[in-house]
Amino acid sequence: MSTNEPEYFSAYENFALERSPSGVLTVRFHTDGGPAVFTGTTHRDFPRLIEEIAYDRDNTVIVLTGTGDRFMTEIDGPSLGDFTKPMSADVAYVEGRRGIQHLVNLEIPIVAAVNGPVSVHSEYVLLADVIVASDTTVFSDFPHLASGIAPGDGLFVVWEEVLGLNRARHLEITQGSFTAREALDWGAVAEVVPLAQVLPRAQAIAEGMTQRPQLTNRYMAMIFRQRISRRLAEGMVLGFALESLTAANLAYLPPA
Amino acid sequence: MSTNEPEYFSAYENFALERSPSGVLTVRFHTDGGPAVFTGTTHRDFPRLIEEIAYDRDNTVIVLTGTGDRFMTEIDGPSLGDFTKPMSADVAYVEGRRGIQHLVNLEIPIVAAVNGPVSVHSEYVLLADVIVASDTTVFSDFPHLASGIAPGDGLFVVWEEVLGLNRARHLEITQGSFTAREALDWGAVAEVVPLAQVLPRAQAIAEGMTQRPQLTNRYMAMIFRQRISRRLAEGMVLGFALESLTAANLAYLPPA
Amino acid sequence: MSTNEPEYFSAYENFALERSPSGVLTVRFHTDGGPAVFTGTTHRDFPRLIEEIAYDRDNTVIVLTGTGDRFMTEIDGPSLGDFTKPMSADVAYVEGRRGIQHLVNLEIPIVAAVNGPVSVHSEYVLLADVIVASDTTVFSDFPHLASGIAPGDGLFVVWEEVLGLNRARHLEITQGSFTAREALDWGAVAEVVPLAQVLPRAQAIAEGMTQRPQLTNRYMAMIFRQRISRRLAEGMVLGFALESLTAANLAYLPPA
Amino acid sequence: MSTNEPEYFSAYENFALERSPSGVLTVRFHTDGGPAVFTGTTHRDFPRLIEEIAYDRDNTVIVLTGTGDRFMTEIDGPSLGDFTKPMSADVAYVEGRRGIQHLVNLEIPIVAAVNGPVSVHSEYVLLADVIVASDTTVFSDFPHLASGIAPGDGLFVVWEEVLGLNRARHLEITQGSFTAREALDWGAVAEVVPLAQVLPRAQAIAEGMTQRPQLTNRYMAMIFRQRISRRLAEGMVLGFALESLTAANLAYLPPA
Amino acid sequence: MSTNEPEYFSAYENFALERSPSGVLTVRFHTDGGPAVFTGTTHRDFPRLIEEIAYDRDNTVIVLTGTGDRFMTEIDGPSLGDFTKPMSADVAYVEGRRGIQHLVNLEIPIVAAVNGPVSVHSEYVLLADVIVASDTTVFSDFPHLASGIAPGDGLFVVWEEVLGLNRARHLEITQGSFTAREALDWGAVAEVVPLAQVLPRAQAIAEGMTQRPQLTNRYMAMIFRQRISRRLAEGMVLGFALESLTAANLAYLPPA
Amino acid sequence: MSTNEPEYFSAYENFALERSPSGVLTVRFHTDGGPAVFTGTTHRDFPRLIEEIAYDRDNTVIVLTGTGDRFMTEIDGPSLGDFTKPMSADVAYVEGRRGIQHLVNLEIPIVAAVNGPVSVHSEYVLLADVIVASDTTVFSDFPHLASGIAPGDGLFVVWEEVLGLNRARHLEITQGSFTAREALDWGAVAEVVPLAQVLPRAQAIAEGMTQRPQLTNRYMAMIFRQRISRRLAEGMVLGFALESLTAANLAYLPPA
């Protein structure tokens, strides 16, 4: 186990990283130390960070969490660029498919600690192998339809997979939401606990996993993600293209 | 928005079509204005109608419903032809795979208003993007096993997808049924309401969707149906062939 | 219907076979007449037995069950060979993928009678078309992680399919279990009954099925297993390879 | 065999249809009786025509050909609409994927009689089950790159399938072409004959096929097209989306 | 290496087996010691034999060959049963898909020694990893269309894979043939040699392979057959069903 | 177009990068300025470099080439680690699948300039969209079987795709090779030129492509790589696992 902190731990402004002696790496989304606001910077850095984590063999288990009382509920749209121009939307295409694809292909087990509402990129946590959610958590997809564009990033594949096709469709189309408790009933999350216990509980599960051979944990994660990795590869390459077309279309709509 | 009613609105004897100013097209199955009896004519017309709807860009959202107190519970077997002869069964093969495949490939969102029991072709409504069912609705598959043939049309794929593999299998094999309320618990339908509110509620959801850009609605539907479209293509080409073989086999069975 | 008992009925020491006049073949796992202990012999014989059953056209429906008060909870690890050597693990690879693949490709409907706890190869019964479980049944996966190896046989595909991806993952990773009642709620099993009624109920369902044309039952089973057959083929060829690598890795770990 | 000519024989202005007593339907592309110029009308009518052919069981084998000394080398771009607007490009998306998908899913065998150069939609003929090409035939893809858009319709899937991935890629990217003789060497076409013999030879092959049971011919075509049908379904839904994005992008490019 | 000959070496009347000291197993098709005539017995025994070979770890490389001056050119149709009855055709379905699937899933490398014309089940040899063909060899598919039924067994998948889609289609549809030399040009076979050298050359290649670690040879074979194994699984389950329908249809045709 | 050279241009010791004013990025493999020797460093850096290239939108077309009179013929095995230990082989697994997957998913067109023999990782160049090879080029796979391990990296998928299944298998199994001229005949490469013209010709093709809209080039590359990207994802995850098992097995073999 290396003693010095790797360079990438402090290289990305929206991600705080901390590693336990057994190699459990807690990755925390934040903005200036508070709840994360999703920006173009977050979008750009996410796939790069996940690749660095993948290559660092001192990471044994990942804990993915947010800051404060919410996982992620705000987005800075303009910082992501002007999606009505296809060449500009292509930047998000390149980064977006890599973000989720790198995450699902990460050979390291992921435990999510969902610390409250998540209305932006809930697929980040719903993709995790074990999901602990606070009883204050509500899941929804806010940005896509609010911006008038179709939800073509990995969210739709993950929702379809973990909620079922018909739940995923009606919730997205009617801009609905679901609670951690409902997610538990539906099998989408593993445990619901009070907010204060979310991170400790997730870290305890992760530490417990480190008692097993590292390769066993890695290949168990790969085995279970085989199919969803492929579905995401197929789904996102189409989804982003259709999403970008709906964005390009906005330029030709009459003013609302 | 064109002012004259398109020709296909009145071209098919088992389908009543009505379109709202915003382009919501309500497609209602019926027989002589009453509850629909599924016949060879319905089977022949269904894929043709769906293609016409697809090409008409004034259709923004589809509402699919039945007439009276049931969606569809009767079938006129003889009108569908003699399935024991493979060349005759092939007519149903050609039309049947096209009906469901055209429906799932329709780029227009579909809201189902399930107005009561459906024991014939429940996949028509369970394929919809948003499903509103009356509290009187019971889903089952009557015709296949009653006729002694295997259920190889799209129903088995849709049931497997929206109920789960094991629920779909045991319900079909034991000729069971499930209520709208159970379907809601299982995530197969979105809402259960009293019968009188089924159509108004479905139409209200559809009208709400028309507030969004039309292309956004279209591509959201396509995104979410990507996988089931492919599964139906694969599943039906095999399913119909096996179903037809079980029909051809009937000619060689000893009299019951 | 042949009157003499086929040779394979008595050829395999861990399987007791009995066939009713209508061709319902009850296949019972056992060890010396008591609850089954899974051994290298069971592993070797299972794919061979399933192939023999497949070729015998007098078998109309299969009932799969265990002996006594549990389906299977014990395993004799050493009898399966030394998995740390890849050439030795390859024996299990060859037999293991054939066992499950032959089972899912069997053209005969399968009714499972789950007579109590199953912590070894629960995929055998969860793959069945109709599953009747005793109220004493608890499902889990004991051997893989207890031996320090990743679960790469068909179990992971079947759990993912019948429990959902996220339930399957967290239950496996946290070495959890689920009851027959939970399995019923989740749609994984069809019925939960008292232990004494498990086998009679399963056999009654099977006998009921024999009232239909045999080919109809066969092709219904094939239709519903089309997708999971393919997923198992893909999943197991990878899963066993990764599982064997985690076993080979054990030879290089420091003593615990 | 019906004696009256069906209505659809004369319903489409760019298609001349003629049927032999044995049911061989010759479908000839033309513009005012001369070589075909591909227009928005051709694009709109093609999927509709193929569906009508599919439903008419008097059609036993299709012969697909062009008029005069070329199969198709001209296209009227403006008649297809303004692809830089996504809502307008969506019309081509709807029709384009249906045209090729309906063709490959047609249960009737197709013999192509390629009567000279084809630089527009060569996938129409390269998809055929048996391809007879004149020695004057040269295959290329003119319209896509000439218009500055990516080739995302079915052509890329068909070229990849019948030429091989690397040949298809470099020919498209370098805007190259290949002769009937090369296509014969590569296995892409079945026979190369002088122009005058192309149609008679194709029709002779088709007539020969009618000596077999009609269902045998139909299911042989389906069997061989199983995989390419699926690949087209997957490939076109993505390809058209990406092609439309490259068209939408044209509006933002600096003038050349 | 066991010294006694296994029982299965002499259990199947159409297969002569011989194993070299290094474990190269030569499997020779024959009928009474002369060129093989394909019968119901051959069909029944083939999948059973392949399974036995698979379980016998003393087999290192397989050489597949025929007897005399032809690989296989004759078939005893009636011995295969009456395919016009679906329940009877189902026997061939069960055995046929297992024969090819077991062959392609065999973890042992296969070298084919094609000793002359093969017009029956050429997929057996074209599936091999390395194919040596005599210069007298001609490949074709005689039985299917001669019997009026569609070619739905594995042959169509293998021909499509090794000849290319368009070559496979036109050769089958026009009942054509191709020589060993053409197959060499097209990449379908590895070497063409005089008849007398076919078996020695194939055995020499096989012996050469045994110089490598056995597991390396096994997993190389599996790696390269991953995709065609899956395509055969998908293709045959459909193909046999459609083939059986064309057979069932024969009962309803007017006498020729 | 940025004027300063990006940092990654000089960050990787085995890769020399040079970009033309139009954005054509020539990526040249080398070792100390001479022909490249493949090492653990090359393996580690390759996926990282490709990701950096992907994110840099100033890159319009990639030219991939080697140094001197060969593309790559040497490998420093020990520098890659001890593959007999699964945890050590896992490092190569992580990097190896990312290297090829990132390359095939790169949204930038790739032109290969194959400057002579390539016996190590020929899939790097055979994956390119347009391949120019010197007439001195010979393709083979040296390292895998020379080390006694199965070829499970992306090479087998790429060879199967561009040479055909049967050519790929027999060439690999018999450790054969093929020339640029043969590759041209088989459609695997686009052009064969004298060595001195390889790079200029490749760069000229690349410069020609920059006359088109950048997004058109990008999406054309994505469209044509859709299927092989998916096949590589599926094939490599299995292939590397099997390759690693053959390496782990080496520790248990008797000394040669």
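When the chains are written out, they are named A, B, C, D, E and F in that same order, and each has its own residue count from 1.
Rule of thumb we're sticking to: a contact is a pair of C-beta atoms (placed from the backbone, for glycine too) under 8 Å apart; a residue touches a chain by one contact, two chains touch by 3 or more.
What you see is a predicted model; the values in this text were computed from it and never measured.
Shared contact partners of subunit A and subunit F are C, D. Looking at the partners of subunit D and subunit E together, the chains they share are B, F. Centroid analysis (C-alpha atoms only) places D farthest from subunit C.
Of all residue numbers seen at the subunit A-subunit D contact, over half occur in both copies; the interface is built from largely matching residues. To find the repeat of A-F among A-D, D-E or C-E, check which pair has over half of the same contact pairs by residue number; it is C-E. Separation between the centroids of subunit B and subunit C, computed from CA atoms only, is 35 Å.
Mean C-alpha positions place subunit C and subunit D at a centre distance of 49 Å. Counting partner chains per residue, subunit A has residues 86-87, 90, 164, 186, 215, 222, 226, 234, 237-238, 242, 245-246, 249 touching two or more of them. Across the whole structure, chains are in contact as follows: A-B, A-C, A-D, A-F, B-C, B-D, B-E, C-E, C-F, D-E, D-F, E-F. Across the complex, subunit A is touched by residues 109, 126, 129-131, 161-162, 164, 186-190, 205, 208-209, 212-213, 215-216, 219-220, 222-224, 226-228 of subunit B. Interface of subunit F with subunit E (complex): residues 145, 148-152, 156, 160, 163-170, 172-174, 186, 231, 234-235, 238-239, 242-243, 245-246, 249-250, 253. By the touch criterion stated above, subunit F contacts subunit C in their complex at residues 85-87, 89-90, 234, 237-238, 241-242, 244-246, 248-249, 252.
Considering their complex, residues 44, 48, 51, 54-55, 57, 86-87, 90-91, 93-95, 98, 107, 214-215, 218, 222, 226, 229-230, 233-234, 237 of subunit F touch subunit A.
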